[in-house]
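Letters A, B, C and D name the chains as they come in the text, with residue numbers starting at 1 for each one.
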Amino acid sequence: MSKGSNIVHLLGSATGSVRDNLATTVVTALTVGFSLAILAQFLFVFINLDAAVSTWGDRTHIVVYIKDTAMRGPGSIERIKGASLAVPGIKSVAYISKDDAYAELKAGMKGHEAVLAGVDAGALPASIELRLDPEYMEGAKAAGVVERFKKMDWAEEVQYSQEWVEKFAAFLRFFEVAAFGAGIFLVGVTVFIVSNTVRLTVYARQDEIEIMSLVGATDNYIKLPFFVEGVLQGLIGGLLAVFIIYAGRWALLSRMPVYLRFVVDVPVSWTMAVAAVFAFGIVLGAAGSLLSTSRFLKSC
Amino acid sequence: MSKGSNIVHLLGSATGSVRDNLATTVVTALTVGFSLAILAQFLFVFINLDAAVSTWGDRTHIVVYIKDTAMRGPGSIERIKGASLAVPGIKSVAYISKDDAYAELKAGMKGHEAVLAGVDAGALPASIELRLDPEYMEGAKAAGVVERFKKMDWAEEVQYSQEWVEKFAAFLRFFEVAAFGAGIFLVGVTVFIVSNTVRLTVYARQDEIEIMSLVGATDNYIKLPFFVEGVLQGLIGGLLAVFIIYAGRWALLSRMPVYLRFVVDVPVSWTMAVAAVFAFGIVLGAAGSLLSTSRFLKSC
Amino acid sequence: MKGSRPVFPDYRGRPRLPALRRAQSVMIQLFHVYKTFEGAGTALHDVTLKVAKGEFVFITGPSGAGKSTLLNIMFGSEAPTGGQLIIDGRNYIKIPRSDVPYLRRRIGFVFQDFKLLHDKTVFDNVALALRVMGVETGELKKRVARALSYVRLQHRANFKVETLSGGEQQRVAIARAVVKEPAIILADEPTGNLDPHLSLETIELFKEVNNKGTTVVVATHDQGLIDRFAKRAIVLEQGRVVSG
Amino acid sequence: MKGSRPVFPDYRGRPRLPALRRAQSVMIQLFHVYKTFEGAGTALHDVTLKVAKGEFVFITGPSGAGKSTLLNIMFGSEAPTGGQLIIDGRNYIKIPRSDVPYLRRRIGFVFQDFKLLHDKTVFDNVALALRVMGVETGELKKRVARALSYVRLQHRANFKVETLSGGEQQRVAIARAVVKEPAIILADEPTGNLDPHLSLETIELFKEVNNKGTTVVVATHDQGLIDRFAKRAIVLEQGRVVSG
């Protein structure tokens, strides 16, 4: 009656039980797998879109046109850049010379080049482009930054597409809330479906539980096979989920326009993602079976 | 032993059975509801995005700049428009006069107005904007249309962003395939989870089925309570799904930037959508229970 | 339900086949019936027997002799591996699956393991046998009450079966068999959980039903009962009929 | 497993309480035990009785008298509504839930409805009682084989229980109770599905186990057995002890 042989027996009985209930084990595993796959793919798309949105966010900027008079004298550009960076909320500063501006305009006018025939490069003002820290993109804060630049003596005009930033910030906030809500909902549904499936499995085997208890099995001894089964279901489910995700990704990538591919890309390392899906599957299966058996045993 | 009283008894026994198995009925109904809600919301987003994508598709167009010489003489513009519309694949024609073109350019140069100081409205060419039928947006066909316009004697230059259209057509095709695949997958998962839940419910009541068969119940008599239960589960599930969709839509709309709202809008009438979700729920529940009981009875 | 013999409505209302008229005095007939279970050997070996209409027969023999198997074959819930089986003029072996329920309605079976619905009441368990036949509520209540009083369980009608004692459950199973007023009663060890007094009462009940025309076959270990009621007894041993 | 009495490992290995030493000759003791079921009246009414260590007692009485309820209370699977219960020197009423399994390992119970796992083999059903105790495979196999041969079921070891006859199933239940070599055997109607010969053999088996020191309590309707074995019989009627 040593502890060791006890555990061997427990595990033996557990795997035996899995063998006996293969059909339900497989069915539950499939449910776990499908649920997990949907959840995981949702998370990937979410994380990727979130990253993309942040990148796009980087592209909003404030343009400050510089008075021609302020550009005279050596080092004046460096001074302007330094002063700009010192303003709180400014992430980066880029200088666009008169020549750069002309080249840019010309590129933007492709097909209408004739229009620019009489225009001289010197006619355009030089400018600096400022990028904001994300937390400064919000309406009031951004306006404050713009005000500070308007007061600079070298600034001729400050351009900032207030409306776009507000829209964008609202979108970001909305997207975060919506995706978070949807994620919670999906996790809830997955947990619910899995625990429900396990509950029905336990229910179908209540005779077995009752009889084991009557011949003197401890609660833990009774729970173990269900636990092992739950873990196994989670494992198989996780494996299935990984397979579905991988297959789905392959099917998508082979057809998807290149610039959209990032949406289905796995954001973290492949190994990490597989491990996470596995772990969640196992936790789901284990928790589901433990909860169901405990509830059932208490009513015995 | 009249047929009528027989049916009354059958239905009586069926509702009695639902009462006795309230817990599992509710649990299955919840599963159906969650699955349906996810499926329906996915379908709505899909239909809406699909519609949006078609609209955007409308915005790609061919621009044909018109030779100044071709514009002399009364009715010449009407002739050009008529000739353009006659080309197969052309959906609509819009004429942009020299003045329109100048106004457009000026609007596009906001902040750089100085550049246009020396430019005269007459310097820009007049043009027509052509929209293509969707089936002509594909690479080779679009190129054919462009060729035909290049040969027109009044055409100075034809602009058509070949690359964008190809990308866009690929995206459309990809989106259709991907969404179709995802939809099939979701329907499959929903049917699987529901039928699995019903199967386990039937399994938990196999004694009842066996005993009814032993005392002389016909197969249909045995199936009816499960059928009624399935329909009821589908109904409750459908109700829940409608509620989740409605609540989710409300939560999203109250926070969502206006220009994104179309994504969660119900594309068909609200009544139609509710009816469809209901109908699918009922079909799922009924089919699930019938399949499971039939399979079980056959093995009796 | 019309006619003078309402308790035994004819099998699905079909007229009996004229060719089988002469055989009508025989209710159950087995010809060279075999039953083997994969890997478990032979449960029934060349069993040929005849039970007349309205007869009362005991089947006895040691544990595992094949008594339950024989009754199950008569009930159509187990198919013989060989031989022929005629119940009330119909060849059981060739009956389509969809007709089986109608045959079962004419046979009341008391299962050795009762086969009751444990989470349903006594009333519902007994009523089930009538409900599946579409008997109307009024008549159903009357007949169930009568059957429960036969087995002295009126006072337990609204209790769930799982709260009953072993003997009480066995009596519910008996009530469910007799409530149908069937053409045949097959009872498998119906007194195993009953005290001597109730055992006698149960067999008396079967005799009463038998006097009204029902054919009764009772499998039992209780030699005392067989001796006391002095009815024909078929003795099985290792799947063979050794006497009777 | 060491020591000269390996068959009755002490309850969780704890030393017996010295104060209870004197009571050791009493195995089961009930003081004014009542059991009422909501709405169903009284199943046991003021039952006071004592079963000595190593005694062999029959419990008898009509169907519904309370025999099973009494055994279930002795087994701790049903709690009395009133009174005290002492098994082997421990007050059963106050035992924490987590100790119940260890007490059940010392009691072999033959349930009236067998409580077997139908889709498991005979071997697995009997072995389960040892497996939950952590007995090693070698010894387990030996002991299960021995128990099955006691009840004449060696040849059925690898059959699923659902394929067995009623009497065979009952013997599996008996084998599962004796295989534990328990301190107490509680058997509820253990011969209801057995022919007279096997019934005698079963009681002989219990007597043999009893001779080795096990306390045996058998609930039965079979007056013949009680007469034949001339052991003490407690007679219950409507929940009261009327003799014994």
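The rule is short, and it goes like this: a residue touches a chain if its C-beta (ideal position, glycine included) is under 8 Å from a C-beta of that chain, and two chains touch if they have at least 3 such contacts.
Nothing here was measured: the structure is a model prediction, and the numbers come from that model.
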item: Shortest walk length in steps over touching chains, subunit B through to subunit D; value: 2
item: Minimum number of chain-to-chain contact steps, subunit C to subunit D; value: 1
item: Label of the chain whose CA centroid is most distant from the centroid of subunit B; value: D
item: Inter-centroid spacing, subunit C versus subunit A (mean Cα positions, whole Å); value: 67
item: Subunit A and subunit B: spacing of chain centres that average the CA atoms, whole Å; value: 25
item: Separation of mean Cα positions, subunit C and subunit B [Å, integer]; value: 61
item: Overall pattern in which the protein chains touch one another (line/ring/star/complete/other); value: ring
item: All touching chain pairs, where touch follows the definition stated at the start; value: A-B, A-D, B-C, C-D
item: List of subunit A residues in touch with subunit D within their complex; value: 1, 5-6, 9, 13, 20, 207-208, 210-219, 221
item: Residue numbers on subunit C that touch subunit D, as the complex places them; value: 37, 40, 61-64, 67-69, 112-113, 159, 163, 165-168, 171, 188-189, 192-198, 221, 223-224
item: Contact footprint of subunit A on subunit D as seen in their complex; value: 1, 9, 77, 98, 101-105, 109, 111, 115-117, 119-120, 128-129, 131-137, 176, 180
item: In the complex, subunit B residues that touch subunit A; value: 24, 27, 30-31, 34-35, 38, 105, 111-112, 114-119, 123-124, 157, 159, 167, 170-171, 173-174, 177-178, 181, 185-186, 189, 192-193, 196-197, 199-201, 203-204, 248, 251-252, 255-257, 259-260
